[in-house]
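Could you have a look at this structure, given as structure tokens, before my questions?
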Amino acid sequence: MTEPRDGVSPVSLTAEEGPDQPSVTPALEDLYRGFEKALLVPLWTRIGDLMPEHPRSRARPHRWEWSTLLDLAGRSGDLVPVGRGGERRAIALANPSLGGRPYATSTLWAAIQYLMPGEDAPEHRHTQNAFRFVVEGEGVWTVVERDPVPMRRGDFLPQTGMNWHAHHNAADHAMAWIDGLDIPFQYDIEAQFFDFGRDRLSEEEHTTPDRSRSERLWGHPGLVPVSQLGRGRGTPLLCYRWADTDAALTDQLELEQAGHPGTVEPGHALVRYTDPAHGGDVLPTVRAQFHRVRSGVETAPRRETGSSVYQVFDGSGQVTAGDFSWSVTRGDLFVVPSWTPLSIRSQASPSDSDSGALDLFQFSDAPILSKLDLFRTHTEETHA
Amino acid sequence: MTEPRDGVSPVSLTAEEGPDQPSVTPALEDLYRGFEKALLVPLWTRIGDLMPEHPRSRARPHRWEWSTLLDLAGRSGDLVPVGRGGERRAIALANPSLGGRPYATSTLWAAIQYLMPGEDAPEHRHTQNAFRFVVEGEGVWTVVERDPVPMRRGDFLPQTGMNWHAHHNAADHAMAWIDGLDIPFQYDIEAQFFDFGRDRLSEEEHTTPDRSRSERLWGHPGLVPVSQLGRGRGTPLLCYRWADTDAALTDQLELEQAGHPGTVEPGHALVRYTDPAHGGDVLPTVRAQFHRVRSGVETAPRRETGSSVYQVFDGSGQVTAGDFSWSVTRGDLFVVPSWTPLSIRSQASPSDSDSGALDLFQFSDAPILSKLDLFRTHTEETHA
Amino acid sequence: MTEPRDGVSPVSLTAEEGPDQPSVTPALEDLYRGFEKALLVPLWTRIGDLMPEHPRSRARPHRWEWSTLLDLAGRSGDLVPVGRGGERRAIALANPSLGGRPYATSTLWAAIQYLMPGEDAPEHRHTQNAFRFVVEGEGVWTVVERDPVPMRRGDFLPQTGMNWHAHHNAADHAMAWIDGLDIPFQYDIEAQFFDFGRDRLSEEEHTTPDRSRSERLWGHPGLVPVSQLGRGRGTPLLCYRWADTDAALTDQLELEQAGHPGTVEPGHALVRYTDPAHGGDVLPTVRAQFHRVRSGVETAPRRETGSSVYQVFDGSGQVTAGDFSWSVTRGDLFVVPSWTPLSIRSQASPSDSDSGALDLFQFSDAPILSKLDLFRTHTEETHA
Amino acid sequence: MTEPRDGVSPVSLTAEEGPDQPSVTPALEDLYRGFEKALLVPLWTRIGDLMPEHPRSRARPHRWEWSTLLDLAGRSGDLVPVGRGGERRAIALANPSLGGRPYATSTLWAAIQYLMPGEDAPEHRHTQNAFRFVVEGEGVWTVVERDPVPMRRGDFLPQTGMNWHAHHNAADHAMAWIDGLDIPFQYDIEAQFFDFGRDRLSEEEHTTPDRSRSERLWGHPGLVPVSQLGRGRGTPLLCYRWADTDAALTDQLELEQAGHPGTVEPGHALVRYTDPAHGGDVLPTVRAQFHRVRSGVETAPRRETGSSVYQVFDGSGQVTAGDFSWSVTRGDLFVVPSWTPLSIRSQASPSDSDSGALDLFQFSDAPILSKLDLFRTHTEETHA
């Protein structure tokens, strides 16, 4: 947000000695003045930064503790109203290496959103692709294209760009959840549109059905409603319930135990949320996945192009991302920049001694890289 | 390139009065200090910048005159050697609103490259997608995956990421051309890989065939070589010759004259360079097109999401991009940021009195937006 | 199966008078003898048959009663062993207009299959795409690529070509179900391969798990197992359970009742079985769907290119297909040839007085037509 | 065409002794009578025919000599008028094993069409996909959607289903060419629609431009007309000129001579006609290719699922298809059924002693098989 917008910023070029640089002579300095005046920059002075041998992220790994986020969100609930203009009581992660911008990584936004009892967040729509994920609590309905969708612990609610949406807290207590969007990416490519909607929801949208209409149409495995084919914008399934995600992860680990394929590596179950209309990623720019790492297991260090945000859903463990390492527990968020090796170690949680698995929600910008033929991964071989 | 990479940059938040902002109280100021300490930024203080109602580009329209570029490139030819490390004698357009970065627009790189007689530019490869376009001259061969491709006025040479390439000037005079790449975009999404290749080309690669092998295999309209299906990386056709582009544009205008469809609007012929293996854009992230505007015609103002760089190939005219307007002539380059209305008026060139059309080469980031469901255009209605 | 395979069958051409036919002269008759000798047939004598103004199916509508099929299948159980060579105790519908061929329609095969207690049907694989649908009973496991899949009333089991499969009856009673395949279509295009597998299943394949491994991996709505992406051949989900299908249909009718979209026409719920890996039809050549028609409702007459086979799953009603009309009840099968208008009327079933809906399983060759740009539908407007 | 259409054809089943057949007993015979009465056929009596271990085509290889075809077509020109009803003076190849049907293979139609000086063939359209290929002569224009397309030796004119088309002979001599269509395939799947158009072409359509409008828009390699994107039905390029095809083949053989990839096997150049809008096969159901086999070269025996029709364009040679072998020369047509190994040997033509290559036009039903995951090929290894 600090880029100059107006006037002509003079290009500042210094002729410097260097192994790959031309000799500094008066003629060269005169040439560089000519470049500046004409708003030109020679490649040979910048190529190392611009075209590195492998991704070197501007962001860095970082962890935020859930207790801190929740405390600050709660105080915001008391001090900051929700309404048109500010639009949402959402507080975003600001990567420590991104100059104070509210960017979790170079391309992704992640925030805690907080809604007080009885509050509505006003309707709007935007090109940014978004989702909600609930680590604890319930009581809020997200209303998407007039369809109220309940939110409960473990639920994942995707929302493709340009669908109208609002939030309504029907409970007698506040509720917090995380929002993920592609705001930094769309800021970079300058594709954003934003429209304000109605200030108030209708009576019908204040109802609190147990399931959204979208789930009744699209939430049956492998079955699609013929009347709805080709309608709507983006994924038609507006909520992926925790019971389904949990069952899918449990099944993968049980299959592994029985000697069958199912996990991505020993002790590591992984499901991806997909759009049932095409089977691909759930949002055009965002991949969302859920990991379960069996107690005591450490995953092999793995890099990929593009960045991720993780939230611990259950259990606790140790995370190593490049040169950083943190203990994590329920609700904690951490970010993994592009091409940074990540390894996750699960440890038995005293409060959950039976399973002891570490459950992690993840979202990333992988669809952007994949659709543009730029997705690449590398897993280090480890020796047992 | 100025973002802090190391250490924790404190987030600086000021509680300010404003129509959509909460009242400034000691409690709010204390909350904001808490945000800063925890590396958090509330949405309500930033939403207008982050999520504008329509794209507001950080870049601005600008024009560079070819004569200036060519003069500075020529002086570079005398002072700056070409070799490993600097890699290329390429001088990039730096948009006046992008803080001195060598970015033509927020996502695109454009440079004049210059090679002296007998010089080689060393082999390398990179994930960045690239092309060459020749506004004048000849004598250089671009060697892609060991296939030497001659470059002459009007030729367009695409080169998908991770193909090995080098340049060789076989003539007794220097040659200049423009390079276009998606460097800023790949910098933003942090997907870049770069490998150094051989320092010297082989004897065979120093040959100067009249046509590349790629053209002999893939340059026949609608015909594909069955032996090559599924091979190679990206578009297999490495050169689109001027004679073909010129004929296609001539045909469109003649069809219009005869009362048949062919042009995109009256007097405005437009062809797109495509990958013959799939018919889509010639590069995964870059769209390349060629316009011919009949003498005296003014095109309707048109916006699109994403940005473009244009080079005048022939003729002269007047270009209006948002609040900017310039006279342009052969070789001049100009840039059009996202969602900026562009109109082009062609005037009869004295040196080309018969046709008098304005010929323009264009490249843009449209495939990125299109593949991610973010491409949008708007054409203003004009009244004759 | 009656086409001559050997020798040269003389073409028999008769010069006939007709409105569009040339005058019968000795010269014409001599010409036609020349055609015959050279194995040629002129278009002008055949065009009406070969290129009709709209599809005129060689097949005709027909209904088979379940009680008859079941009785004959039971008698076969006593008289005909199952084993290598005959492969399956399957008895196919032979459309009365297709010359005694075991073709339900011009492209589709449908059969009742019957397995006695303890019997195995031996393993094989073939290019023909197949499925099983269970109208009543349980006790058989279909073993696909060594994964045992239980079969119960209402279950749909797709099986893409070239997957190994066998059947095992683990119960103490016989079981019947229907098989659907694209045998006539693959016979026409001559694409068939068939491989014999193992004569006996392993111990492990004789186990009778409650759910198949495929369901544990792929049966969770919108969730895909990352470890399995890109593996296997065709749809990875080997069973679509009745409980899910029933719930999806119930939801559609309830949404309609509440004033929301969901049904394809008033009182007519319709779901399609899809491959969760891509969201398209469950088999490359076969579309499978399930209809529920509310009691007392009559559907609008609808035609489509390509043919269908229906089985009544529950309820009873009246079906009109072109010039044919039949009463149908549980288990009855009927076929609808290409471009034949079909209307279904549901009547309250005494045995099911609460719901009274008519439930119908359908399969068709629509993916073939759709992928080749030949699918077309037409619904007659009806007046309430 | 001989299938019964009306009435109920009794299924005729005979209980026979056989290695895989049940014992013939009175009970079995009674069961089989029950099957007949109920219009049922057991799989175990038919499986070998219906589900063979590999494709066994109903068609057989056959060759037609061009001189015979041309002579009979010429006599038809004198005796048979062209007009509404008969529609075209087209004479179709009737495979000797297909019971007198005008089918070249089980799925493909091939005919010689003949138009007298000044004649028009009336306008119509149909779902059947079609093309023309010209082995000799010129003077006829095919008018597609009112765009007149000249036809000359070596030209290939594809025409996707449901485009209006007519023919006009503007010369003072008759002209012959071959038509290829998917008539048998569409007959089998019963997808056909046919509409009659205008009886007479307009003045403008009787003009004889040197190039069609479609070529002016779409005939430039790798370049697409932006104004036409998304318009029209099927391939927008209506003619592939011989000069381009010849150049593409020459280039492949010259590249091979220079030690570079280009041919499909030594001495065997092969190009495929593609739709420039998507790079895939030129028609939804038909693949069209052109082979050039260097003098003295014999190609390795190769099978594929699906069938082909070939026409010799130039040169002469020896063709072996399964158990059949023929000498072929200019204009001769031959057919290769599914999974029949084909080998082609080229011999120096006395009349063309310099090049001596054998040039062959081929069309097949490969897109049908490919889109339905049924395409398979096998090439026998040969020892030099």
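In this document, chain identifiers A, B, C and D correspond to the written order of the chains, with residue numbering beginning at 1 in each.
One rule holds in what follows: contacts are C-beta pairs under 8 Å (C-beta built on N, C-alpha and C of every residue); 3 or more make two chains touch, one makes a residue touch a chain.
Remember, predicted model here, so these are calculated numbers, not experimental data.
Participant: Tell me, which chains sit next to both subunit C and subunit D?
Facilitator: none
Participant: From subunit B, which chain is the farthest off, judged by mean CA positions?
Facilitator: The most distant chain relative to subunit B turns out to be C.
Participant: Which integer distance in Å separates the CA centroid of subunit A from that of subunit C?
Facilitator: Measuring from centre to centre gives 44 Å for this pair.
Participant: For subunit A and subunit B, what's the span in angstrom between their mean Cα positions?
Facilitator: Taking the mean C-alpha position of each chain, the two centres sit 30 Å apart.
Participant: If you average the CA atoms of subunit B and of subunit C, how many Å lie between those two points?
Facilitator: 53
Participant: Listing for subunit B: what residues touch at least two other chains?
Facilitator: Within subunit B, no residue contacts more than one other chain.
Participant: How is the touch graph of the chains shaped: line, ring, star, complete or other?
Facilitator: Graph shape here is a ring: one loop, exactly two partners per chain.
Participant: By the touch definition up top, name every chain pair that qualifies.
Facilitator: A-B, A-C, B-D, C-D
Participant: Over in the complex, which subunit D residues touch subunit C? Could you list them?
Facilitator: Against subunit C, the touching part of subunit D is residues 1, 3-12, 19-22, 25, 27-28, 31, 34-35, 38-44, 46-47, 49-58, 60, 62, 64, 68-69, 72, 75-76, 78-81, 83-102, 106-107, 109, 111, 126-128, 160-161, 183, 185-195, 234, 284-285, 305-307, 337-339, 365, 367-369, 371-374, 376.
Participant: Show which residues of subunit D lie in contact with subunit B when the two form their complex.
Facilitator: Result: residues 213, 216-229, 237, 240, 244-245, 247-248, 251-252, 254-255, 260-264, 270-279, 282, 289 of subunit D touch subunit B.
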